[in-house]
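Structures given as structure tokens follow.
Across the two complexes that follow, subunit A remains constant while its partner is subunit B and subsequently subunit C.
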Partner chain A sequence: MQFDPVANMQLLVSGLAFGSIYALVALGFVLIYNAVGVVNFAQGEFVMFPSYVAVSFILPAVTVFGTVVHWQLPIVGVYVLVLVLMTGFGLLFNRIAYHPLRDRGWMPVVISTIGVSIFLRNAAQLIWGSQPIVMPSLFAVDTISVGPLHIRPQDLLIIAVTAVLIAFQFFLFERTTLGKQMRATAQDRATARLVGVRVGRIVAITFVYSALLGTISGLLVAPLFTVTKEMGALIALKAFAASIVGGFGSIPGAIIGGLTIGVIETFGGFYISSAYVDAIAFIILISVLLVRPQGLFGERVAEKA
Partner chain B sequence: MNRSKAGAIALLVVVLALLPAVVHSDYLLALCDTAGIYAIVVMGLGILLGFAGQLSLAQAAFLGIGAYASGWLTTHLGWSVWPSMGAAMALSALVGLAVGYPCLRLSGHYLALATIGFGIITQLVLINWKDVTNGSDGMGSIPPPAIGSFVFDTYGRYYYIVLVAVIVCAYVAWRIKTTRVGRALEAIRENEIAARATGIDATRYKIVAFVLAGTYAGLAGSLLAHMTKFISPDSYSFDQSVVFLVMLIVGGSSSISGAILGAVLLWFLPEVLRPLKTSYIMVYGAAVIAMIVFMPRGLIGLFEGVRARFARRSPEAA
Partner chain C sequence: MSAADQIAAAESGLLEIRGLVKHFGGVTAVNALNMTVRAGDIHALIGPNGSGKTTTLNVISALYRADGGSIRFDGAELVRRPAHAIAQMGIARTFQNIRLFGDLTVRENVMIGRHVRTRVGFVGALLPGGATAREERETRERALELLAFVGLERTAGASARSLPYGDQRRVEIARALASEPRLLLLDEPAAGMNPAETDALVALLRTIRDKGTTLLLIEHDMNLVMSVSDRVTVLNFGQHIAEGPPADIARNPDVITAYLGGTLDAA
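Take a look at the complex of A and B:
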């Protein structure tokens, strides 16, 4: 195959866009893991469910419970509505799936998040049926020309929004009291509680924040794929892989791991094999785990003995 | 094992053996066969997770490897069924060894993720390696097993093969649990560093557990292939591995009877929920959360709790 710099630049942009999505979802994993020591297996449904809700209000006609509804709202209103709904969802998730099990080790929580995932995926199928739904893009054109490059504006939007969110998160964690309390809770819950941090509330906020990160990734990625009940599962697994490649528990690790996997996967899908594109993330993962089990940026080693 | 427990098991086996005499519906018998096959998979997972404390989410992939190995050997190479079953088990065991050796340097969430990765790669290979697996179209006309001229071609006949396999697997698991290997695995589960300090070769025992889990799943996969006569890659997904894990946890992870009970109960639960039509899997998800919240030690824990309460009521000195 001929080496084509233009094609490679386009692949790079598209890879960075997918990588940004993985990074956002990976951040959701890491924040929850740091706060409560558990991997949330319903993280993919934090991406899928709000996408369905959003698309029901964006399209002029959608079939809900077998009847056609016309709920179309202005798009900004839809975004606000979905974010508000998912805030409530994050709180509920914390109450039902985590809070009752908080003192029982990690396995029961993992199983209960799996339960939530099964529940939501099938709730989505029940409500919206099994046909994939196409979410319209915000942009009138599919691609724009930047010099010789043809780039999807949606890709640029994804990268831009991710950059803003990462900057926001940096500000939140480094400059605000809330962020410092979140970091304190992640580092040592008992001590955080001793110095007056209301740990339960911080954990609830972490679940909400994580749900919102998932929601934003869903709204960003849905126009590139279709909205299906399975859309979140593979994104979440790859994001989880990304967070481990970066070094689990590390926030820069999650971001760089996500971008790395997005880019390698896009190039691999193009140059090596499109049939095995979904295996690439896991091949990278297993290789990293074997060579450098703590990940690229990892410090924690306790779990890997 | 005390005498009353042995008696109860013998009675249970007799009742189970008589089941096909009362159940005549082919559909129900097929469900019973599958329940038994899943019980084998879940027992294998129980050895790995319950005994040794290592979480694997690739059990469905090993099931798939067993099913495809057995299916390919009988349809492409014309092997008869019994040696194919043996070969399927051996192949799953070998793959378990190859995957377990590097992966068991990891533990907890990390091991879980590495095994998820292995499971997804396996499923992609089953879909894309069309020369061997026939891709997403699946592999058909897999022959049923036979002894002499007696062919196990009905679900009622096949039931006895499954029953014998379940009994043998349960016995092997019980022998493992109550002998040196089981105690070593338990020591590793409770505290790996302490186990190593007392001279237990933790890595070797963990690999043994991983290989056993693979072997159980390989046998189950082969049994499934020769029962349904048709296999396709979508049955060996990550979601299926999750279902096996949930079965084990709901049953009670470190108990053999818990593994069997969890598999059978959760396999029949959707049947019970079928009147709910399309919402039944949703209710299933909710039921899983409820069981985890309200039954910390699984169904077996629940039974033991009830028994302990009765024992406390009856006077000790009697």
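Take a look at the complex of A and C:
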């Protein structure tokens, strides 16, 4: 196989796009883990469920609860609607799945998030059936030409949105009182409370923020895949691997880990075998854990599941 | 609060603890404690190890929940209020084991303390410019003033964890002051300080009092207690055994026998 700079450049763009999705979902994992000390196993469903809701409103005809609906609303309006709905979902998730169990240690909360995950996957099957649904993209064309490169505009959108979100996150954490309260809560909840931080509110905001990161990932990635009830699980699994590769709990680690896995698996899929794409993330994970168990940016080994 | 309540609060003290009880399993750490902290005083809480001093502070700031009794702050009952509400009412504290946010900078730690006095909410915090930016700037400036006040303006950008122990204590004081407390609780502020640092601390505590904040401090350093306090309360086995000006406490035979086992004259 000869070295082809154009192909490699296209692979890089595609890899960064997938990596961006993993990075956003990994951020969701890490923010919740830092705030409440628990891995949220429903994070993948934060990607899947809003994607289903979005396609139901966008497509000319979708079967919902066995009835064909024809909502067909403008895509951008649906994006806004879904983000609003998922804000409510994040609050509800905090209230139902986390808040009642917050003083019971981490295990009941983990079980609770697994329960929500199972519930949402089965709810999706019940509502939308088991047939994959194709989500249309914002763009009329599949690829555009940039010089010799043929690039999917959706990839560029994913990379751009992710860059904006990461910049926003930096602004939030470094430049706002709210962000400092989130960081203080992540480091020491008891002390944060004693200096006047309303920790319960910060945790609720964190769940909403993670739900919105998942939602944005879903809306961005769904046009490249199909919408299925399993779509979130695989993305979340790779994002989880990404956050461990980056060093669990580290925000830069989640971003770098996600991008790394996205790029390597895309190249691996092209040069080695597309059949092994899904294994590559875990090969990277195992390799990093062997060489550097705390992850690329990790300072400490995670104590909890 | 009504005018009558305000007068009652002024006459009876800023902080009124009555019949306070705290158990840990079978151990009674605080047993029917009564004490009054008058507004404008530096009030020291002393007693042997295990006498319930830190527990009392922890119950006041709602780190622990009282098992009985009442704590009134300016007439308002504190027991059963959540910790953040107590901070918002104007009670701030420092810790025996320093509890700074180690990964945040010194300035950010102080800014967090300021938060209870800022107004912009969640949505406002995410909107660029305007109120958020102004409030952030004011909070930042105020934090720098407070760091200058405790003598640490040069380390504002360093991570809190990187500072020497004595400096971390002063960051905690600045963080507590950032909330503009009416009552400042200090748990062994001089622990681990050398004599020169302790002298500077005494001056700092007096300045804080003179600016209108009431202080309640736990301290083992008797030189510091005797030189800085306006009033002293002595605890033993979770109970109040004496209260008064430091000179009286030093002469109180109950205190000398029950607590010191000797004389305070040397101190």
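In this section, the second predicted complex is superposed on the first by the 301 of 305 C-alpha atoms of A that agree within 3 Å, B and C clash if a C-alpha of one lies under 4 Å from a C-alpha of the other, contacts with A are read in each partner's own complex, and residues count from 1 in each chain.
Methods note: contacts are C-beta pairs under 8 Å (C-beta built on N, C-alpha and C of every residue); 3 or more make two chains touch, one makes a residue touch a chain.
Nothing here was measured: the structure is a model prediction, and the numbers come from that model.
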- Message: By the touch definition at the top of the document, which applies to A:L178: first (subunit B), second (subunit C), both, or neither?
- Response: second
- What is the contact status of A:Y209 with respect to subunit B (first) and subunit C (second): first, second, both, or neither? neither
- Thinking of the overlay built on chain A, is A:L126 touched by subunit B (first), by subunit C (second), by both, or by neither? first
- Query: Just subunit B (first), just subunit C (second), both, or neither: which does A:I244 touch?
  - Reply: first
- Return first, second, both or neither, reflecting whether A:R198 touches subunit B, subunit C, both chains, or no partner chain. second
- Message: Applying the document's definition of touch, where does A:F49 land relative to subunit B and subunit C: first, second, both, or neither?
- Response: neither
- Query: So, A:F297: does it touch subunit B (first), subunit C (second), both, or neither?
  - Reply: neither
- Task: Going by the contact rule at the top, pick out the subunit A residues touching subunit B in the complex.
- Result: 33, 39, 41, 96-97, 100-101, 104, 106-108, 110-112, 114-123, 125-126, 233, 237, 240-241, 244, 248, 275-276, 278-279, 281-283, 285-286, 289-290, 293, 303-305
- Query: Quick one: in the complex, what on subunit C touches subunit A?
  - Reply: 61-63, 82-84, 87-88, 92-93, 95, 99, 101-104, 108, 111-113, 115-116, 118, 120, 122, 125-126, 132, 135-136, 139, 175-176, 179
- subunit B contacts subunit A in the complex at 55, 102-103, 105-110, 112-114, 116-118, 120-121, 124, 127-128, 192-193, 238, 242, 245-246, 249, 278-279, 281-282, 284-289, 292-293, 296
- Task: Mind listing the subunit A positions that touch subunit C in their complex?
- Result: 172, 175-181, 183-184, 187-188, 190-199, 201, 205
